[in-house]
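The next block holds one structure in the form of structure tokens; read it before the comments.
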Amino acid sequence: MSEIVDVTTLRSWLIRFAGDVEEHAAQLTELDSAIGDADHGSNLTRGLKAMVSVLADGTTPPSIGPMLKQSGMALVSSVGGASGPLYGTFFLRMATSAGECDALGPDSLAAAFRAGLEGVLARGQAVAGDKTMLDALIPAVETLEAALNEGRPFGEALKASADAAEAGRDATTPMLARKGRASYLGERSVGHQDPGATSTALLFRAAANTMIDGEDNQ
Amino acid sequence: MSEIVDVTTLRSWLIRFAGDVEEHAAQLTELDSAIGDADHGSNLTRGLKAMVSVLADGTTPPSIGPMLKQSGMALVSSVGGASGPLYGTFFLRMATSAGECDALGPDSLAAAFRAGLEGVLARGQAVAGDKTMLDALIPAVETLEAALNEGRPFGEALKASADAAEAGRDATTPMLARKGRASYLGERSVGHQDPGATSTALLFRAAANTMIDGEDNQ
Amino acid sequence: MKKLINAPADVVVESLRGLAAAHPGLRVDLEHRIIYRADAPVPGKVALVSGGGSGHEPLHGGFVGRGMLDAAIAGEVFTSPVPGQVVEATRNVDSGAGVVHIVKNYTGDVLNFEMAAEIALEETGIEVVAVITDDDVAVQDSLYTAGRRGVGVTVLAEKLAGAAAEAGRPLQQVADVVRRVNANGRSMGVALTSGTVPAAGRPTFDLPEGEMEIGVGIHGEPGRRRVPLAPARQVAGLLLDPILDDLDFTGGDGVIAFVNGLGATPLIELYLMYGEVAARLEKAGVRVVRSLVGPYLTSLDTAGCSVTLLKVDDDLVRLWDAPVNTPGLRWGV
Amino acid sequence: MKKLINAPADVVVESLRGLAAAHPGLRVDLEHRIIYRADAPVPGKVALVSGGGSGHEPLHGGFVGRGMLDAAIAGEVFTSPVPGQVVEATRNVDSGAGVVHIVKNYTGDVLNFEMAAEIALEETGIEVVAVITDDDVAVQDSLYTAGRRGVGVTVLAEKLAGAAAEAGRPLQQVADVVRRVNANGRSMGVALTSGTVPAAGRPTFDLPEGEMEIGVGIHGEPGRRRVPLAPARQVAGLLLDPILDDLDFTGGDGVIAFVNGLGATPLIELYLMYGEVAARLEKAGVRVVRSLVGPYLTSLDTAGCSVTLLKVDDDLVRLWDAPVNTPGLRWGV
């Protein structure tokens, strides 16, 4: 398998993510209705549709940074909820990290994810354990970094990262929410899986599914 | 039996009417809820309570006109619905007709009723057949006058008058309301007995029951 | 019943107590349930008095103040005040220039105000001119019936006649403004839910989830007909068409368009309805020169709205724009 | 769901269309869903911008005009606007004197306004100072949580900072007024019923006949606890006690007391509640110097109310009394 992620692959990743979210929109909204305001599924679906239509139109720039920037701006400009600026910032910071290049190696991709994560931390002022998307995002990024550091193959590292995101997602259930709308529930937020962590797990599963050769469209 | 109605008897009549209305308050309100605003029972009960407390307090004037005037004013000052000014006017006009006297003979009583009726007609601008209290009031007064004209005994005439009021009350059921709140219902008012005619029938039955010797408290 | 109240019997007085506390510029007589502008009687000015059953707030108590009413009389919920209250208010606002009573056409209100005017004249010699408003096209009008109900036009009449009185016009001219407004104004309402009279404790009528009552009154009186719930665009037609059929509102100097909330319908919907009404009027060739949108004549917690159109001339537009300073309507001051 | 609307997706734009039609003195950009005062940017004046999810009308669009906001941005129902809208509004109201953003403390609003301020600075060099309101004592405040929600104080802050801007105060001083108001204001609300989001079609939460939710937010967020329905007198205590526990409102120059309707509660009840609040404050030794009663910050068709207290000094009272001319608040003009 190739260890290089080019523009086309990244594009596939984003489009795959959009499709997966649309498929899980009802579940995401259902989770948000338990501890939020029942719109995470529709918020993301709306935003990702806007993103996909930017990616799909002929003017998509050929290099990675600008493409991710357009994607992030599309989200920011169409969601309106908390998740819009957060996911938007994630892609915008990835864009800055990647810059005007045509392909990313594993370490550059991990660095871009790390930059995205730092952006979400800075934007949302939440920390691990607050029962937010960070509880999937942080383990996903850290696991990818660790696996690459240990010299494991790229494909394996991506899968480990997606697994970690899903484990992190599951771990949000017993947490008490301290950020976002769910925090108003206090104790009553315990026992529900966080919708944002759920969508973030989809993002990393989509990465594993699209960035590993021959695994697209599985 | 005596053919003279003195202040005490008239007072008994009014108090008996108040008691009968209170007893039938639920029915009156029920009738009003079908074609009006569900308050005829409580309106009259409130007003007649005020009237009775005026009649009961030591300052009740000894002569008929002033007593009826106080009674009418008590109603006018405490009801607030359509029935307050109408019943109030009835007693106020009776008061003017009776004047400062201590007892009324049959013809004077009939004249007082007639004055009261004219007052209600003038005040409410309704006519027979409009499905209002007039549909009990008009036959009651006309029957009394006719019976006395025919020389029938006072007691018999009073009973005929009360019977006529009740027949008039029953006759309101098939009528289409043209006055008061019931008129907004148009066709839908047909098939319901008028609450005001129902209370007016109580008024004339109370007269028969109190003005005929030995028939009080039956 | 879900209401922010204490005992149902105390609702009117306790609400007036709050009104008094919130508006030190008003004088509120809790015993007689009368709201006065603090400076009444205003020397030389014709006084304006209105009132009726409670449950329609801000009408009438919220419309007391400079440029509108001198006094408002509050009856029990949906029950006309008694003549004694009206006489008391009339006596306390008359400056010698006479008093106009604005009375909504309901038998109870008409009769009680009528007796009050008679008593006021007899006992005090105060000259009272009563004008009745009856603008609700939902009710078939006829010489032989109680006639149309007085609804939305009453708000406009109180504002316009109030301005006329403030401008120093004499008694008959102020009364004439009310008559002109009533003659040139028409209304129609729709209820999506029934309000609940506190003393009754349950909704006045049942209105199933998918239905609405077109042509409803402001006391839960039945309307012209019950129809399936419809989009706002269609509702605008159901309310406007009978109004436009009843009086020609095209041409002339235009109209004041008034979309009124019945109590439980929030502003976001009222503005949306106003948008539909305005669009429909434009199509019908009716020119809107002024507008009013909000809950000004409510029916307790009824969800729904009414639409009122008033044909105006230059004089009425000037009176509309004149300063008014009341809790419920305020501008130019 | 019983609402005067067309398609749920069109509610916000169609309501704005009605607002535009009813208030020719405003300029409404339907594409960006921004309501502007017609004369913005006002030369030399600091501009005030606020916004948030729709469903709270008259907040914020109804508070645009002289002496209050220069622009209001409308998001979808209960959904924050996006940065692009905020940037557009900011750009169009800035006269060079800078722009204050008043943002209610909800994560979505805070993040979207924050990004907008960054973009505005970067793209246009406009100086933006954002101030967040977070006055809802129902939510336990903490450095580590999303913190208190911004509710009733926002209305008062928009009025008071609007007056400060109108008076020519510079950017930081206008922002300081918002900060002072937020620091000295506290709110608490109660819902008797749940509102219905048009797109959802059914009430956000179930509230059985005999119960109410104390400490509820303005989007149907849960409150501190669900308790049996209680008389208004007790409800006043349930709302006021946590406010008075949180901040000392006695002494000083007194308070502005604000009883706000949540959308489906009519004025007769709001005034009754105000009477209870005023009585309780008097007992507690809190002096009310100004008041506001009405539905100013609603939550769609929620039945219920909120109470806001604001400690004021002479300066704030003067700013309160200063002229304001908006659809939702108007005096002195």
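In order of appearance the chains are A, B, C and D, and numbering begins at 1 in each one.
Quick note on the criterion: contacts are C-beta pairs under 8 Å (C-beta built on N, C-alpha and C of every residue); 3 or more make two chains touch, one makes a residue touch a chain.
This is a predicted model, so every value here is computed, not measured.
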Problem - subunit A-subunit B separation of Cα centroids, rounded to whole Å - result: 82
Practice task
Give, as an integer number of Å, the spacing between the C-alpha centres of subunit D and subunit A.
Solution key: 33
Practice task
With chain centres taken as the means of their Cα atoms, state the distance from subunit C to subunit D in Å.
Solution key: 29
Exercise for the section: Using mean C-alpha positions as chain centres, tell me how far subunit B is from subunit D in Å, no decimals. Expected result: 57
Fill in the blank from the handout: Contacts with two or more other chains occur in subunit C at residues none
Problem - Junction residues of subunit B - those touching two or more other chains - result: none
Practice task
Determine the shape of the graph in which chains are vertices and touching pairs are edges (line, ring, star, complete, other).
Solution key: line
Problem - Chains grouped in pairs wherever the two touch, ordered by label - result: A-D, B-C, C-D
Problem - Residues of subunit C touching subunit D in the complex - result: 2-7, 11, 14-22, 54-55, 57-58, 62, 192-193, 209, 212, 229, 231-233, 235, 263-276, 278-279, 288, 291-293, 295, 298, 300-301, 303-305, 325, 330-333
Problem - subunit A-touching residues of subunit D, taken from the complex the two chains share - result: 53, 75-76, 78-84, 106-108, 111-112, 114-115, 139-140, 142, 144-146, 149, 199-200, 204, 217, 219-222
Fill in the blank from the handout: The subunit A residues in contact with subunit D across the complex are 37-39, 42-43, 76-82, 84-86, 88-89, 123-124, 130, 178-181, 183-186, 188
